[in-house]
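These are the structures in question, set out in turn.
Shared between the two complexes below is chain A, which has chain B as its partner in the first and chain C in the second.
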Partner chain A sequence: MSRINLEALAKQHPDYARALRALQSWIDAHEQERVINPMKVAKDLRQVDTTDLAMAFTLLHKAGLLKRVYKVLTPAGVLADGEFDSPTVIPEKLPDRFERYFDTSDAEIVPVFRLVA
Partner chain B sequence: MTGKPRGRLIQAAHELNKRIQENPRKSLKTSQTFYVEKVEKGETEEADFALLMNSMMAAREESIHGVPSWFKVVGFALGGVTLVFLMVLVFASMWGHSVPPESRFLVHFAFSLASALCVAALGGEAAASGNIPLVGKHPLAFSATGGIAVLVIMLAVLHWLYPVGP
Partner chain C sequence: MAVYKDLDEALSLVENLCTTEQITNLLRKRKGTESVRISAENKEDLVRRNLRTAIEAKAIDIQEVFDLIRSSEENGNQHIFYWRPTNSKLAETLTLDHTAAQLWGGHWQKTVAAFPSIRLKPDDYKYSDFRAVSTRKPKDWILKVYGQKTIVRATGKTKPEAPGVFWREFVEESLRIVLAARWNYPDLLEIRVQRNESRRRVEEWHQQVWSMLTPALVRGQFAEWPLSAPMRRISLEADKHSKIYEFRDAGILDKGEDVVANFQTVSDQGNLFKSQQTIASIKSFLEAGGNLKGLAVRWLANPNAEPQEELRVLLGAKESNEMVVSGRCTAGDLDYVTDQLRGFSKAAS
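== the complex of A and B ==
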């Protein structure tokens, strides 16, 4: 049983139906994940256009199915544990997953999504 | 369609990407400044969309230069083959079919090469997933260096422990 059903949203937005259905399949295949990392989704769903995928995430967020939070990519290329409600409150130093602090000045901000349902 | 026209959202993503490319060492500050500017203009949706697009584009670009998805499978397969190879040698020697001294180098080389390829594959995959500190964004370089190092060390150690020749 799927945790969320995007079929109604796909019918409302036929231009993004393919992206929404691909996202639905990805969510169903990753049942254990409560937080969706769009970077991972973008890598896994290469057949879907990036803009359409970003639109699909935006639609889900606007529909209240996802909550957006912000994380930072460590120099090793993984997400740091810290989670922020706005990109403007990210501090200059953050601990990576090995508890070593890194300078965030050249780090990338990654919006990630929590499943609301 | 979202509340904003698609074109405006894409334009915002391009604008953020351009600013980051101009000053990549200050990408966080650039993104924060961009975000604040957009929010002040009432364009929060554009700002959020631009951040999302930017990270997704970067992920796709990075995966082109990262390790292939089959690295992990190859690593485990080679590890398994090496183990089976060693077990066969052990059983063969138990039944009186030990490796002749003049063929030891071939056994050393086969074992070392399989171990090196196994380490290169699994090490590269671990580095790419961020499980090894200090590697940064160069998993392929780590994979190649690790594999060569293991090959040299294994050959040296095996040669020292079991000298070739009668």
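== the complex of A and C ==
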């Protein structure tokens, strides 16, 4: 069963119905992902116009289905564990995937969405 | 009674360590009893008013509060170093009674009866608890050590003072330290040390536990239990056990230890099993005599048994006998992982 149903939203916003349905398929195909990185989704859904996709994310956010959170890239360029409600609450140091701590002041912060449902 | 003398400290620990859900569940067990109120505006009220009132009215036994603290601070978010007794006779002598007598002498029962001792000793370590782990494993015990240290930490803030001169801000912080030794009969001693950004501290704490065990046992009687064999089997047999675990990150050294290759999924929720090229690469390194140096395994939740919740661990990244458990978990789930490692350490049938 899907974790989220965007059909009602697609009916309310027919201009973005295609983007919303594509996003629904992406979410269903990535069951393990609690956190959605819009950049990754845009890469996977090249057939969908990026402006429409951005609008689809905005609609989900406004509907309370997604929450904006922030993640940090490790020096190896992968996402570190943990997500933060604001960039200001990110600790000064975080562990990378092999438990080596790095300084987050030099790291890239990635705005992502967490599924609220 | 000692338990009431330390009630403020106990409640502080509950507030800091336990989730609102855990505290509510404890109160719910006595739902309907006079003096037990469940709803609260916030966590502080839940602990400071609801839980305190229930304890003072004896609706909730203080031991249940200690159990809640134990389950929250003893399992997970820690480094576990696995050690094996060098002979089986030693393993048989490591009973709770014998170990306690070695640690505290002839009157050990009196000392143990006063545990848990939850008040911290400033800038020092102390024995905090010693008890059998469960009725299911009667030969297992856990020794817990509390420590407190004032550390100086750079805040990262700087202020220009004069051309070429600046002030850096440092703050003092009190660090609460929880360490443990868990005898996991019949063959494993686990030294558990909380996670910290300083590797030096982690190693000091590891040494501290050994030093506090010394009246009963010494490091020379144990050998590191290397996780290389279970790591190898876990990675090579991944396709056979896809309902039990997945792995996300793997480090691998070639046979000559000249090359290290790290495989990591970009997403923190990723699964290396999904990349056939990665699996083939890891296999080719291992089959050519290479060794894993770090394997992040996600043990999948089992609705009918353990683990109750998904549990992620990092095996052998720094020391060969070391496992890092990234989140809090139950004692049963952590034992499940240790038992799996024991199972995978045996040669494939």
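A few remarks follow.
Operating definition for what follows: the second predicted complex is superposed on the first by the 110 of 117 C-alpha atoms of A that agree within 3 Å, B and C clash if a C-alpha of one lies under 4 Å from a C-alpha of the other, contacts with A are read in each partner's own complex, and residues count from 1 in each chain.
One rule holds in what follows: contacts are C-beta pairs under 8 Å (C-beta built on N, C-alpha and C of every residue); 3 or more make two chains touch, one makes a residue touch a chain.
Given the structure is predicted, the values throughout are model-derived calculations rather than measurements.
When chain B and chain C are set side by side, the one touching more residues of chain A is B. Using the contact criterion defined above for the overlaid structures, shared-chain residue A:Asp15 touches chain B, although it does not reach chain C. Of the two partner chains, chain B is the only one touched by A:Glu108; chain C is not. Shared-chain residue A:Arg97: touches chain B and chain C both. Within the superposed three-chain model, A:Thr51 lies in touch with chain B and out of touch with chain C [touch as defined at top]. Of the two partner chains, chain C is the only one touched by A:Ala80; chain B is not.
Judged by the touch definition given at the top, the superposed model places A:Lys62 against chain B, while chain C stays out of reach. Within the superposed three-chain model, A:Ala42 lies in touch with chain B and out of touch with chain C [touch as defined at top].
Applying the stated touch rule to the two superposed structures, the overlap between the chain B and chain C interfaces on chain A comprises residues 40, 76-78, 97-98, 105.
The part of chain A that touches chain C in the complex is made up of residues 32-35, 37, 40, 71, 76-81, 92-93, 95, 97-99, 101, 105.
Taken in their complex, chain C has these residues touching chain A: 155-156, 195, 197-198, 248-249, 251, 262, 264-271, 294, 296, 314, 317-318, 324, 326. Residues of chain B touching chain A in their complex: 1-3, 6, 9-10, 13, 24-29, 31-32, 35-36, 45, 48-49, 51-60, 62-63, 128-130, 132-133, 135-137. The touching residues of chain A, counted against chain B in their complex, run 13, 15, 38-43, 46, 50-51, 53-55, 57-59, 62, 68, 70, 72-78, 86-88, 90, 96-98, 100, 104-111.
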